[in-house]
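First the structure, in the form of structure tokens, and then the observations on it.
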């Protein structure tokens, strides 16, 4: 019997990294979780246990730290490209290197109105993401965010949908809309961009649209958030947004002799709606 | 053979609740997870399957929502006491009712510099906690917080500890100190207190001490944080603080021909140090 | 400015379902988590908030339960196809329906050597998976498993790999090999197959290869596991296997005057190697 | 202002350990997670940052491994006592040492009907637990288990409970009963006991009672499980059992023209009932 290895890749995942940069008594802090995944001439290790072209994943971990030492890490995007580039340039057998970075947010503790020079508190569970893929001279770069939790207590409805045998949901013109946004955008240039500023602007636009626009459907809000971000940031051409509908179910208080005037809800995680869309410029 | 039931308790856990309060076009939002635990004359259900004195946990869930409807929920403490009080007053067989509340933090989305009237984003993974226990006329009340993630990149050392056969740790006068604070404080009065303002002040004092004071040991910082909080808040008499030492291990870059000047670290979750202390006034 | 919606999909995730089937005093138990995802003529809800073609995700949840009531659920594959088929047949605007199922394993409690008729204990954290995709007349079907935790204390080495500036890992011919297998296989026929028996056989072959074959690399073991499964199951043509390398690090006991003869290890979750491969027949 | 440190303790948590024991070509495997917590003369580190009596938690971790090397680890109880004893004997300032162990279960892979000599698969998410506390000559020892998931599809009812304004639950004489048992038992002797055999017997009795006895209330089943275990194991005097009621809610299929004859349920994790009881011999 014959078998063929039609795809293979390997790497190191969840390499966690803290970098402290000191300048004039002030410390900057970056905390990242880095995944490296390589594709190339590695079939021999699968088919024959021949490791002669295998870069140990332990060495990849070492490289994550070594490259971070030499890189300023002002933004994550530059570091991700540099790290992916390293593997492609350093090893002939590597055809493509993918680097995925998640950034743990930290913000300075404020003491007497002043952000502290070296003490930080968590910036929450939302994380910035970055995906860099390098093949030969080609660089493909995306940035994003994950777990941006938002909720509006009104300004959202859902009506006019299909009604049939399986429909028990009531129409509403006033419901809570809660979601955890995951978004990713693709850069059309990979240098001479102030990535941090652009990422912050994209996030700001998404938040404003979520807050300000009446939502006729999660789908519609998703589209408007993507369009608003694309409109202000010419360096990106495409956005993918995924938004679960984290339901808040109205509690029936009638049995207790009370009227629930859209006040008391039960949040649930399971099941949840899931909406995704890809919006491109042009 | 004889057996005796020496302790019993039962209740409902993780009752999740959203309350929206509307006033003049502005919406307030509270999201809580509530646990109820009752003690009393319930032995019959254990020893004989006699449920005649058993309040169904499903009814407890209903009660969580019903009491929330009628309570202003301005602060969690008042609601927790009212809910615990309800069970003791409403059912003869209940001797003690414990209510534990965790509050999910939300903050208003800022649009054009203005906090939005009804749109919110997550306040992070830190949660406020409250424990109310009512037995007859007695009310016992604690507030707290959990998962307050903080990190300082310097201003922390650890030296002068026991050295013996099992010691491989090096002394240091400059290390990263990262922890996730869990703290709980006991109130000496349960009304006529602005709980929200007091809780915010206690939290502020803990953060400032963490940021400002050099740490000779996690233990010392814990003690100083508790003393600072007790000093400014006469309505509390006792604080329990627990702080894991979330190690950032310095990465050895020598094999790669680089010098790690306290810049590159590997964060780890396992294993972690764990320090706890109870500090009382007087 | 112009924008286009280049891809969209929506559905309901984590619909949890328990089905009890009674026959002659014996009960069968299935517990599933079901995700439904639809593609089709839904752009209007994104671009105009027009929900006239939108099947509410709440209705999808209802359908999961309704279809489960009428289906024997002898195997998950048949149910997944029936559910996906339902959405395509029932709604003109649905072009493709994807159904993903995870099965929570249960096994009968054994009392006096006899499997109990209606009492069960957990079958562990490993889960069976199934993916059915229906577009018009086309049915695409995969089955799999996730989180199959295995460990061998010997019979594994790693040597002959690339050594360079970033290499600190030592070669070894005797190491612990621990992993959590995720595997998925594609069926070349979607009926007249005893899916449960075939899935069990595929799992058995993977376990035997893992146990019996010396591993020169995680890659090699992965390939051998896939080939062994393909060899015994003509109804599948392709396997994708992903295996993290869940490292057990040898602890240095020399400072304590002890010699670690491959006995004492520290298990770690982060970072971990990650190896993936796709193997096809022919 | 004066403050006093009324309680303090510190230690190392989640020290993960793998031990492989080789005999005649067959390998035994133990995987543990160990927590150490010390109490004693440590106030100086809190109040003055004086670490002269502080055993670094890093040294505790080293000790976990070092003691495991010399101990046969045939059962976890003996190791936990030895480890706690070590800290009390080795350090004058330690008054009490607590050691908590969780054991990850592994079972041998069966190949051609024979358990393999050195290849293992997960024994599931249930874990064995052990708590040893040593103060001077006194040894206090408990064993237990956590996350024993069980479910019965019938043989369980709930009726005759309090009905009042807050009651919406219907009475039933036939419901699904699903729980995740946590149990802990206290030994009245700490040596000359075959702990592993006794623990297995206790677990077996709990499972049999759960399967065989009709349940009038979770409380009653809990009591019967504890009594059955105490009855067969004279070396234990007390059991604490905690059982959440992991509800399976019957799905209303009437809107879809179907009758749900106790077949189709929705499992939920939140909220859940929680029942606890302590049962003593005598």
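Which chain is which? They are A, B, C and D, in the order written, and residues in each are numbered from 1.
The rule is short, and it goes like this: a residue touches a chain if its C-beta (ideal position, glycine included) is under 8 Å from a C-beta of that chain, and two chains touch if they have at least 3 such contacts.
For clarity, every value in this text was computed on a predicted model and none was experimentally measured.
J.: Based on mean C-alpha positions, I'd like to know which chain lies farthest from subunit D.
T.: Of all the other chains, the one whose centre lies farthest from subunit D is A.
J.: Counting C-beta pairs in contact, which chain pair has more, A-C or C-D?
T.: Answer to which pair has more contacts is A-C.
J.: How many Å are there between the centre of subunit C and the centre of subunit D, using C-alpha atoms for each centre?
T.: Chain centroid spacing, subunit C to subunit D, equals 29 Å.
J.: Could you tell me the distance, in whole angstrom, between the mean C-alpha positions of subunit B and subunit C?
T.: That gives a centre separation of 37 Å.
J.: Could you give the separation in Å between the centres of subunit A and subunit C, each centre being the mean of its C-alpha atoms?
T.: Between these chains, centre-to-centre, one finds 24 Å.
J.: Going by the contact rule already set, what residues in subunit B reach two or more other chains?
T.: 16, 62, 66, 166, 168, 255-256, 268-270
J.: Per the contact definition, I'd like the list of subunit D residues that touch subunit C in the complex.
T.: 16-22, 27, 29, 31, 62, 65-66, 68-70, 106, 109, 111, 116, 118-126, 148-155, 176, 207-208, 210-212, 248, 251, 253, 255-256, 258, 260, 262-268
J.: Where on subunit C is subunit B touching in the complex?
T.: 165-166, 168, 255-257, 268-270
J.: For subunit C, which residues count as touching subunit A in their complex?
T.: Residue list for subunit C touching subunit A: 1-16, 35, 37, 42, 45-63, 66, 90-91, 158-162, 164, 166-169, 215-220, 222-223, 226-227, 230-231, 238, 240, 244-245, 269-282.
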